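Below: the structure, in structure tokens.
Each chain gets a letter, A, B, C and D, in the order it is written, and its residues are counted from 1.
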Amino acid sequence: MSAVRTPDGANALLEEPGRGPVSAQSRIPTSLFAAFQAVRRQTDALVEGLSAEDCLLQSMPDASPVKWHLAHTTWFFETFVLERAVPGYRSVDPAYRQLFNSYYVGVGERHPRPERGMLSRPSLDEVLAYRRRIEQQVGAVLHRPDLSPDMAALVELGLHHEQQHQELILTDLKHHFSRNPVAPVYRPRTPTPHGSRPPLQHVAFDGGLTEIGHSDKSFCFDNELPSHRVWLEPYSLASRLVTNAEYLEFIDDGGYARPELWLSDGWDARERGEWLAPLYWQPPEQPTSPWQVFTLHGRCTVDPDEPVCHVSYYEAEAYARWAGARLPTEAEWETAARSLAPHTPCGALLEDGCFHPRPAVRSGSAGLAQMFGDVWEWTQSAYLPYPGFRPAEGAVGEYNGKFMINQMVLRGGSCATPISHLRSSYRNFFPPQARWQFSGIRLVLS
Amino acid sequence: MSAVRTPDGANALLEEPGRGPVSAQSRIPTSLFAAFQAVRRQTDALVEGLSAEDCLLQSMPDASPVKWHLAHTTWFFETFVLERAVPGYRSVDPAYRQLFNSYYVGVGERHPRPERGMLSRPSLDEVLAYRRRIEQQVGAVLHRPDLSPDMAALVELGLHHEQQHQELILTDLKHHFSRNPVAPVYRPRTPTPHGSRPPLQHVAFDGGLTEIGHSDKSFCFDNELPSHRVWLEPYSLASRLVTNAEYLEFIDDGGYARPELWLSDGWDARERGEWLAPLYWQPPEQPTSPWQVFTLHGRCTVDPDEPVCHVSYYEAEAYARWAGARLPTEAEWETAARSLAPHTPCGALLEDGCFHPRPAVRSGSAGLAQMFGDVWEWTQSAYLPYPGFRPAEGAVGEYNGKFMINQMVLRGGSCATPISHLRSSYRNFFPPQARWQFSGIRLVLS
Amino acid sequence: MSAVRTPDGANALLEEPGRGPVSAQSRIPTSLFAAFQAVRRQTDALVEGLSAEDCLLQSMPDASPVKWHLAHTTWFFETFVLERAVPGYRSVDPAYRQLFNSYYVGVGERHPRPERGMLSRPSLDEVLAYRRRIEQQVGAVLHRPDLSPDMAALVELGLHHEQQHQELILTDLKHHFSRNPVAPVYRPRTPTPHGSRPPLQHVAFDGGLTEIGHSDKSFCFDNELPSHRVWLEPYSLASRLVTNAEYLEFIDDGGYARPELWLSDGWDARERGEWLAPLYWQPPEQPTSPWQVFTLHGRCTVDPDEPVCHVSYYEAEAYARWAGARLPTEAEWETAARSLAPHTPCGALLEDGCFHPRPAVRSGSAGLAQMFGDVWEWTQSAYLPYPGFRPAEGAVGEYNGKFMINQMVLRGGSCATPISHLRSSYRNFFPPQARWQFSGIRLVLS
Amino acid sequence: MSAVRTPDGANALLEEPGRGPVSAQSRIPTSLFAAFQAVRRQTDALVEGLSAEDCLLQSMPDASPVKWHLAHTTWFFETFVLERAVPGYRSVDPAYRQLFNSYYVGVGERHPRPERGMLSRPSLDEVLAYRRRIEQQVGAVLHRPDLSPDMAALVELGLHHEQQHQELILTDLKHHFSRNPVAPVYRPRTPTPHGSRPPLQHVAFDGGLTEIGHSDKSFCFDNELPSHRVWLEPYSLASRLVTNAEYLEFIDDGGYARPELWLSDGWDARERGEWLAPLYWQPPEQPTSPWQVFTLHGRCTVDPDEPVCHVSYYEAEAYARWAGARLPTEAEWETAARSLAPHTPCGALLEDGCFHPRPAVRSGSAGLAQMFGDVWEWTQSAYLPYPGFRPAEGAVGEYNGKFMINQMVLRGGSCATPISHLRSSYRNFFPPQARWQFSGIRLVLS
């Protein structure tokens, strides 16, 4: 793991190492092609060692088969790049247009989401061949001397889109595997760095009129725009994430049995789902033995120093109430993230290859640890349009805006997020009951 | 109807006519007793003419029987006032503690909400007798020379609580009655005031650093606190509500058949509910005949000049997108409402006795009509805690805070809201799919 | 209670006391009018003491409000008698045709069954007035000199139909009331006759070629026809019903925790419904205290000598397996019932006014007790057409035949069945999971 | 296709070709081993050409993955044969005991049925290796000189069990594949034999006291016992199955739009499932073009001469009513089947390799065609125990008896049934709404 990173300093996806950001114009086509190659190879690397059967699993409508992710990210390039860039383009297979469309109404019919696990045909091999063929053609487009900025922008969007699916490949696979009593191992465990655990502190911020949202010319999603002013009252942000040890105190104090700690809808979700702990936890067989947890390394003992993970917003919010604190707003979080010095250490990211959050090691600049990586941090902010928000034009505009209801914003990325995918203004979002993402808790005091 | 009102100038519930607000201390006990009498009589008036059978109906878990509302608002006084204020208090019937508890976990077990319609016993007569008996005892408490401010505050809270249930008595009854093919009439229709309809205009606001939330010493709910600063960009608010005629254009333009106009969850709700128009609308039998609508006056023809009503947030949001506009945030709405001059005319409120929204007549101060009354206005704001929010202490604190998820804020009150219940800072909230409240649409342009 | 009865000797509904059966022709019109009056008055007597609110309750789609039963049985006479017998007949209220149609597709639209509890209008008083008015007109028809045998047969069908609803009024009301935590009392308890309990014996039958089904000219439902031959192997029928004491042994032996005792679907139903005992039973608060049970007399202690009641087919079948026996087929039951001497004593029937099954007193002829009355006896026979079955012509033919799937036959009547409604060939039927009828168990050995 | 067969003459599974049945004793061990090999190879042949992905599909809880069938039929031999026959037997993998147990409560926990599609591990290759290993060990047991008759009987039961799963492999796979818009082809179509279609005739049977059930010493399931007497009225059985052409008349006559033709539960199922035709049928795109149907050969045009297939009991029963006939009872069917001469031609069976029912060619003895093969024939008989039925001892007794509720009997086998699996007394059973089996219609007249 490279200990020093700057997820926010630049659009790392297109950044040339050691040089810093360059203008979008100058990077095309050479570095865009390199980025395209890099992202596609990273996806390939994730599915190494998985069988065709593994890649077909679908454990719930929210979680898609790995094979579907492989095809859908390719469909994106075929539909939004090749169909526009290549005159008279003939699709690899007309059926794919429907089979691998996720939710783009503007593109046409979609195969129903809960049925994605029913597609034994095309086979994994056929999907991999589809990937290769589209890659070849997109590569050709990227080498065209007259590549338009619009087309380049669509390719770049496709790469960020694929990175999102890299994370989903991991979180979905974890959910699929968790339903198998034999507890399959995706990757063997890597040793956890040990050392002194930094004590929990609170870092004070003054508030006042601040600005959030993406503000330079590098890539961002439409939902990060426009950059706009927000008034903040003073607040103090926890220096690190809540740990399993801390969360176990909440459990042991009856946290899952006291409705007064929960939002009303949260308590209903807890009862309906019979939640007694975070997702994937299994209670100790003996009162004195430790909790077990299913991970991408198979079944393990819960490590008290790791950040708690796979909690819903409801659990995060209840924990915060129990702890006498609250969750940050996204503006508070982003303001703090912007204050980080360059080269502040991150928590685990996708490239670290550990596929599991790790204990905080030491605080970075401003006394804040784990602001990026390890687990997504639930905020108290509903996922809503920023003032002046406009969705992107055309079918690609169905990307973010139409989900702006019933979801909460998460910030900071996780151990399944590629480094070049992150930035301070990045807004992730999930419904408050979702637990299968790598989602955890950072507290704040008013 | 008194044409001139000031829902925001004072806490009208305790206001002495013609005199303006007085301090909370000085009003107790005399005016609080008068307010108590007035609110309770207003509830009685609402159920006049309803049979015991009518009062038992429960058409869905969200809508309670009228009899239950009568009992629950009384239970509130028994539980939170008499049990504390009267040493050795003996309950009217121990079973009521559970039967008529809505959701106060701190008070104990609750009869399940979907089963409220199963309570033929106690009878309506017994519940009315219960009301009388508790009223007598609360009256005695209010006349005590040593009435504590805390106890007075609980009574006042109970009165505002009962006013909320006055509105629910009407909206729930409308839903119950709508399920009966004979289309029962609650009250005969009163003539609609006619005159020139004010054209739709937009009133510009500058934005900047503004303050919202309740800020004087009069009553408010905990969710209106604390008053706090918010930064607003400039905006232009529509001078009146969207009318049925305007909404019919949306319908006729395929509004209910075009997923690209809707939030993703909204489209799902539309499909699941097979929505083709606002709740209670029935399509014309002949293409040339008008839409019908079920109202508290029975079945009527849709009046094109009335504000559209019984739309969900999803429909309001889709309409706004179709119209090239958006819904206001609650801060934008409140800032506009605060700008109204005293004695600005309102739309229909409960006391007008029309139980149905009415066409806008003429604009009031600042060119804004219908800011209060007629229909609740969906805002684009999720219902979340204000910065520094603290729920009230004890079981009464289970009032607002625990519902702060998956709901959107509505502002301004409706034809079913008592005048003294409203103010600029009042936050109503419902899930985005809810349609059985008197809820409508006001647009804004950025 | 009149201790001696002959449910099978004649069509008691039209029988003149002390004289024995007379031919159907000679009875019309005088005794048919008397029967009409008697049945209608018996219905009236059942609802005495119930409030309009009680009569509106609907606790589940399967159980209708009492008011609906009152209206539907009247609708039957209006639709099938008056509309045919009275030229130019004008309905009391056109809306009733739809509101009070149960399932007769041939008659037109039907108000949805689960929504019957939504009909606060027409009121109970209006429904009672409707009853009076239709009775008057049917009375006039019955006094016509030219009353056709067909019309008389429809009236007679209507009376047996109303008797079925008399039983449903009681079983449905019991279910409605059971959902109210205050455990309403329908009728006070009458003292149980005490005496020596007859020991359980087995009465042997030879089997061979036998005949079942209705075989004389008196009234029967179409599903009892035609009388036909059946081959039976020898069997021994239990002399009385299974008691609560015996059923408690099954419970105490883990009957509700041992899937090997149950049909597969039965075990699923048990798990889904979380059954631990018959419907309406509540477990003892202390291990040493007795089980409680909700009855039409309110909440009581389970009487060990009473027949077990409110068990599903699944429970009856599991009990039989546990006991090393089985349930009888309907042909076995009917053959045994036909062997009873005239004036064999019955168990409790509707006219006894106890509304609850009673302990067996002494065996009757052939050593069999409780063959009629107390509780319906589940048989091992699926409810299917007899060889040569033909449904009645026209809409009244939608009575029985269309339910011949997924139901099991019950025989013998219960404490809620009118005496004149019963006969040896009578086939009642309910789905195997139904528990809200007065249904119990008689065993047989091969 | 071998044109002449005798499914009923003997237990063909163990029959030596050309010799006729031999006693069970003399056949063991040599022919039992041969039968074991033959059945296992037949299973292998069925999955040839399927990918590991195909074998993982699970389209509904009722239909299991092909891989699961492969493992479960092996688990049966491991659990019921090897664990008993081999002292100190060590299981291949302890996890399999739970993963591949279907519903044998006596054996222990079971992996939930709807989750069978979640088992990417063990892989198809591992399951095939599991098959080989168990086969080897069972083979060794079968060659033991001291092989007990009990153990031989368990192996024989295991073979008949595996044959049932051979049929399910095909019917389940067809359902899985039908959910894929690309309509995968399992096997290419084989030419249909053409020739004159035999006209529909009715073959009269006298009825009287007859005997049904299995009556010789060859293998049968417990539910076919004991052989017992039944009284039958005279009846006339249709000489062949109902064809697609005949069924299309029913559709064209509004069969799916006329509730009066249906059982009440059937109509509900039709509405809920939005049935407009048999399962797998797709309506013509143009009014004049033919219906399409999904088959194991992919998507085809409906052949008017083929027997109608994939209809539920509800559809079969409604069709019969519409046609003025009824379905046979199982006793009527079995009596007719027993009357067939040896070497009567069958319809298509598994060994024919067409995997689809075929048009009737010519009548066999007694004028009856297609009595065995092509499609299972719904009878009017509920699946219930025969008089004197006793389930087999031990866990294998959980085979048939515990499903004796809510199911109807089907007779005669289908194009997916192995020839040696069939006999006149064979009772298949499915719930009345099931449509994914090869199930069709033969009519009878009283």
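Keep in mind that, in the parts below, a contact is a pair of C-beta atoms (placed from the backbone, for glycine too) under 8 Å apart; a residue touches a chain by one contact, two chains touch by 3 or more.
What you are looking at is a predicted structure, and each value in this text was computed from that prediction instead of being measured.
A.B. asks: Touching both chain C and chain D, which chains are there?
C.D. replies: Chains touching both chain C and chain D: none.
A.B. asks: Take the average of all CA coordinates in chain B, do the same for chain D, and state the distance between these two points in whole angstrom.
C.D. replies: The answer is 62 Å.
A.B. asks: Distance between chain A and chain B based on Cα centroids, please, to the nearest Å.
C.D. replies: For chain A versus chain B, the centre distance works out to 39 Å.
A.B. asks: Mind checking the centre-to-centre distance between chain A and chain D? Centres are C-alpha means, answer in whole Å.
C.D. replies: 48
A.B. asks: Would you pick out the residues of chain D that each touch at least 2 other chains?
C.D. replies: Chain D, residues with two or more chain partners: not present.
A.B. asks: Which pairs of chains touch each other in this structure?
C.D. replies: Contact pairs between chains: A-B, A-D, B-C, C-D.
A.B. asks: State the interface residues of chain B toward chain A in the complex, per the touch definition above.
C.D. replies: Listed in rising order, the residues are 103, 105-106, 209, 228-233, 259-260, 262-266, 313-314, 317, 326, 329, 380-382, 384-385, 387-388, 398, 402-406, 432, 446.
A.B. asks: Of all residues in chain B, which touch chain C in the complex?
C.D. replies: For this pair, the touching residues of chain B are 51-54, 56-57, 59, 95, 98-99, 111, 115, 117-124, 176, 179-182, 184.
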